[in-house]
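Order of writing sets the labels: A, B, C and D. Residues in every chain begin at 1.
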Amino acid sequence: MRIGILTGGGDCPGLNAAIRAVVKRGTSEHGCSIVGFRNGWQGVIDGDARPLTRDDVSGILVEGGTMLGTARCHPHKVPGGMEAVIDTIANEKLDGLICIGGDGTLKAAGKVSEAAGVPVIGIPKTIDNDVVGTDAAIGFDTAVTVATEAIDRLHSTAESHNRVMVVELMGRHSGWIAVTAGMAGGADIILAPEAPFDIEVIAKKIKHRHRYKNFSIVAVAEGAIPAEGTMWHGGATLDERGNPIAGSIGTEVTKHIEELTGFSTRLTTLGYVQRGGIPTAADRLLATRFGIAAIDAIVRGESHKFTAIQGEHIVLEDFQTMSGKTKWVPQELLEAAWDL
Amino acid sequence: MRIGILTGGGDCPGLNAAIRAVVKRGTSEHGCSIVGFRNGWQGVIDGDARPLTRDDVSGILVEGGTMLGTARCHPHKVPGGMEAVIDTIANEKLDGLICIGGDGTLKAAGKVSEAAGVPVIGIPKTIDNDVVGTDAAIGFDTAVTVATEAIDRLHSTAESHNRVMVVELMGRHSGWIAVTAGMAGGADIILAPEAPFDIEVIAKKIKHRHRYKNFSIVAVAEGAIPAEGTMWHGGATLDERGNPIAGSIGTEVTKHIEELTGFSTRLTTLGYVQRGGIPTAADRLLATRFGIAAIDAIVRGESHKFTAIQGEHIVLEDFQTMSGKTKWVPQELLEAAWDL
Amino acid sequence: MRIGILTGGGDCPGLNAAIRAVVKRGTSEHGCSIVGFRNGWQGVIDGDARPLTRDDVSGILVEGGTMLGTARCHPHKVPGGMEAVIDTIANEKLDGLICIGGDGTLKAAGKVSEAAGVPVIGIPKTIDNDVVGTDAAIGFDTAVTVATEAIDRLHSTAESHNRVMVVELMGRHSGWIAVTAGMAGGADIILAPEAPFDIEVIAKKIKHRHRYKNFSIVAVAEGAIPAEGTMWHGGATLDERGNPIAGSIGTEVTKHIEELTGFSTRLTTLGYVQRGGIPTAADRLLATRFGIAAIDAIVRGESHKFTAIQGEHIVLEDFQTMSGKTKWVPQELLEAAWDL
Amino acid sequence: MRIGILTGGGDCPGLNAAIRAVVKRGTSEHGCSIVGFRNGWQGVIDGDARPLTRDDVSGILVEGGTMLGTARCHPHKVPGGMEAVIDTIANEKLDGLICIGGDGTLKAAGKVSEAAGVPVIGIPKTIDNDVVGTDAAIGFDTAVTVATEAIDRLHSTAESHNRVMVVELMGRHSGWIAVTAGMAGGADIILAPEAPFDIEVIAKKIKHRHRYKNFSIVAVAEGAIPAEGTMWHGGATLDERGNPIAGSIGTEVTKHIEELTGFSTRLTTLGYVQRGGIPTAADRLLATRFGIAAIDAIVRGESHKFTAIQGEHIVLEDFQTMSGKTKWVPQELLEAAWDL
């Protein structure tokens, strides 16, 4: 069998580990040929493919990013895109396609599968962890680890200078990184899209805390939203696709806290370091298990499914399970974050 | 309510995070007084207790080990132990006891609960991850992270010197650290107690690999066992309690591989660094969630249960679920480890 | 003897290690009493002092920031400041004062010494590493380490997305962090205050590189300056004290590179994480050696000197050596950075 | 010009950074062709050479070990070795040779230079840091960093279990790693070859300390030596070359401390992780500067010299400076280590 593989959407740590697992398991165990496409769906449109051997994936387990490159491209939104994709799949004589990506990448995979009559299996990756149907997606554990280390570092400056330190973390639609890294890093206030905030209430909490402590840490998801009807509900500035612009909500929160509390307040916008670099052990393991499950599934004829971890087990879920949905931070975890 | 807390058995990263969560949630949310015992059950026997306030637990989230100290002491095995424990619980006017530990600590908790008529809730911790009923125990993620970093470091020396590097990892009864860190670190051979090994087969695999690669990494759990009837089945040297002595199986495996393959082979016994130091973000989060769930449970009158994580949810499981059992590495994961 | 100690200016990793060394060596070896002042010179003005014992400094070796707190306060610029300082020194019966800080803190120390007739010894700390007379100041190695790790993480995203990644690093007046972390992290372009840049030349270099590579990393010191007469020489926006505002030069550089090259370009402003958290081994060692040398010097009657490392040796230098000067990145190092 | 390059002796982090700098600077700045030899002098004997281009060294900056491989081989001790080396140098038409290694590698370089009439420049690397003439050699900073992190991790277990933790660190002939990592990690006792120890004095110090503290950390260099005439002066077990066998002195020290103090005492032998893995920022920078200086030197006709760092400057020193000598830990540093 000839199996194609691509990575789509934003990059994150662990993509290479998944590619490696597909190639090693696919070639050794199943006798497959693996074909890698450059830059996500763009490479399928362009026919930019190359065979991947065990040698090609040697040593990439620990490397961040993706050796295949990635791009935000959806073939059904590009004129002539679907036709080009069908041609490439025919030319490459593919018996299946493994797509590593988020919701957008897998949605495209579903359409391609139907149009080209080729089975597809998805592997979910997103540092935002908002994929329904799986406990975790590739990249999340590393992002939380990097964010937690940053909060650890900010603690000492906050305490030494009697300051409020605001740290804006990734998370446009859900607050997984802010909530979990905030809890792990001992943040005193955590703002996530799941629970719109009242800046005056936040300021009061900080003032109360500063009666017995001289510093505070505030973790803010980039998609956090001020509640309707509160003193300030400007929210984050949005880009043309409706996504918050990095730093914008953090800047506002920082300014308002300083004004309302009178305490010296500083912002750190962590940015791209959250999605790059060496994957954690947990992400390497998850990506490896997903890669194995994906190639095994496609070889035995499955399609329209994505690999998922549920408790200790790797399972397959229908594309339907995640499609168009967002996995929110559960109420129990949000409350735990607030109560400490 | 007055709630006691202790940590028993071997220390590991995340214990302080759990203590902190119990104290912060217990005092702020439930108005409890929290009483900490020094050195596990020994402190209860000796009446070595002190009140724990929010100030006492400030800053300990990131610290390894346990601020309470720990010891391997079982009150029912100490002459007069149970009587002393009952006295202390009466003197301290405890309404409940939270015990952070492994199987031994929680077994003692069950006996104490019955004898003293006081509710007990357990929080599972063990870097070995072999507790039935929970996806993970406190300390495991950090141990895997440390072990994986060590394997990463050994890779470069193995490759530069054309060597076989053997690394012995913790895991007396199950191979969780060896299997997961081995996979995450790209070990070529992984030996775990779950699957007795034939040293001649291992040597053959290494020789085969060295036709196209010039080095190999072998991850060995300290409790790994040679198969019956194989050329060598000496196994690890055991201490008086029947547990393998650190380094002993690694030493044997190293010697036999060098003899059978002729390749220069070196051993690293990682040892205590696996169980110490700053907990990972995942361990801090798990410990915090366990601490919150434990104090909530005891306040609402539960007993004989331990906190567990199953998928994304924190639940309570009966002591029965784990008692006297070992959670093995599942077959799927063992096979994944071998096939790469 | 009674010796006072304070930390002034911005905090950084290693301050606690220096305090610990002064206290341990001072009390054990010299029989001194050590008195710590809160928040730099502000604490001396306010008489906010407390005795420091070996117990007080136990465990702080690995902690970032300063247990004493710090503030940007100069007693000679505060009305009544010098009088208050002289009073406090008399009240506390101090025989000497150890001041850990940058140029500003030590300048104040010189004035206080003359006014109060008390010997002072300085310990240089600054992540910017621009103190003349010493190979290194406390905090620099940690800042470079954090910045290098960030550049490592940005590499994978740059490569996966075919992007130019700009990272703005600390360094208002000199480019030590940008140059050394840039070299250690493999940055392709490094912009430092020591060598004003022409943005068109930079853009040309990037375009040239992208003929055979698909990404670039640009490391920019926050005080980097466009050359006079070049197409763009707006420079960084300055605050009221004439210091560049974080992110401002990075934002401009990013915008211009994207416009001039047409390549997708993204900015990361690393910010406060560079000056917080666990000190590296090298910073802990340097701070410990400085602390020992400082207390030894003051006990044997030295004054107006600061501890310095020159090659392998700790020496004392006159305040004059550093006063009002900036240690620039040497030409050899700048050229090395450009040529790779 | 055609310049050969090799790495000899034990591997360490930073070798690849040095190779990269030589290749990038040599090809771009000087128009040289660079030829890499596999496995140190063995590769020169065997004529196992290959051209190195900028592409070959892309991405290796952060990688531990050496892409060229290394071996402990001295051509003048191999029958026909010198003749083979002379032949290879002639066949490859080399105008110079850059040798990265320790004392043994550079001694061989001197002999080869005389026999073959080709200039040689050395780059010193050794995690032991015992090269006379340079403040630091490649690999030392990373080894100290890894060792310090290990001591940090052992602290929590020592404290939680009221134990003495002994950690044996590398350093056969000098105690640089033990002394500096011991100080940076807050070890309570440090044993180095520079100062033979009396185990009874050590035990007394530990007993004294345990009156007010419940744990101790003992850092032991593998080459540490008991003093003549003391109760125990067995020392480390030596291998056939007279070097201490890993773990042997640590085992003895552990046993004697437990017997003499009665405190539970445990050994960790850190081993190979000290010499592998990602180099620190400082090691990458040092290696890069050394690589640049070495290629510059050989191009302008220098020979029989090695690159050295003295304070902030890279200089060249004669082979004579280091030959057959050991740089000891200076007395000031030893005393600082003892007094804390």
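Just so we're on the same page, a contact is a pair of C-beta atoms (placed from the backbone, for glycine too) under 8 Å apart; a residue touches a chain by one contact, two chains touch by 3 or more.
Note that the coordinates shown come from a computational prediction; the quantities given were computed from them, not determined experimentally.
Enquirer: Using the contact definition stated above, find the chains touching both chain B and chain D.
Expert: Neighbours common to chain B and chain D are absent.
Enquirer: Counting only C-alpha atoms to place each centre, which chain is farthest from chain A?
Expert: Relative to chain A, the chain whose C-alpha centre sits farthest away is D.
Enquirer: Averaging over Cα atoms per chain, report the distance between chain A and chain C in Å.
Expert: Computed value for the inter-centroid distance: 35 Å.
Enquirer: Provide the C-alpha centroid distance between chain B and chain C, rounded to the nearest whole angstrom.
Expert: So the centroids are 41 Å from each other.
Enquirer: Compute the distance, rounded to whole Å, between the mean C-alpha positions of chain A and chain B.
Expert: Spacing between the chain centres: roughly 30 Å.
Enquirer: Identify all positions of chain B at which a residue touches two or more other chains, and write them in rising order.
Expert: If we look for residues of chain B contacting two or more partner chains, we find 152.
Enquirer: Chain touch graph shape: choose line, ring, star, complete or other and state it.
Expert: ring
Enquirer: Check the chains against each other and report every pair that touches.
Expert: Applying the touch criterion to every chain pair yields A-B, A-C, B-D, C-D.
Enquirer: Sort out for me which residues of chain C touch chain D in the complex.
Expert: It comes out as residues 21, 24-25, 28-29, 61-62, 135, 141, 144-145, 147-148, 152, 180-181, 183-186, 280-282, 284-285, 288-289, 292, 310-314, 330, 332-333, 336, 339-340.
Enquirer: Which of the residues in chain B come into contact with chain D in the complex?
Expert: Residues in contact with chain D: 7, 10-11, 13, 15, 39, 63-66, 69-71, 146, 149-150, 152-157, 159-162, 165, 214, 266-273, 275-278.
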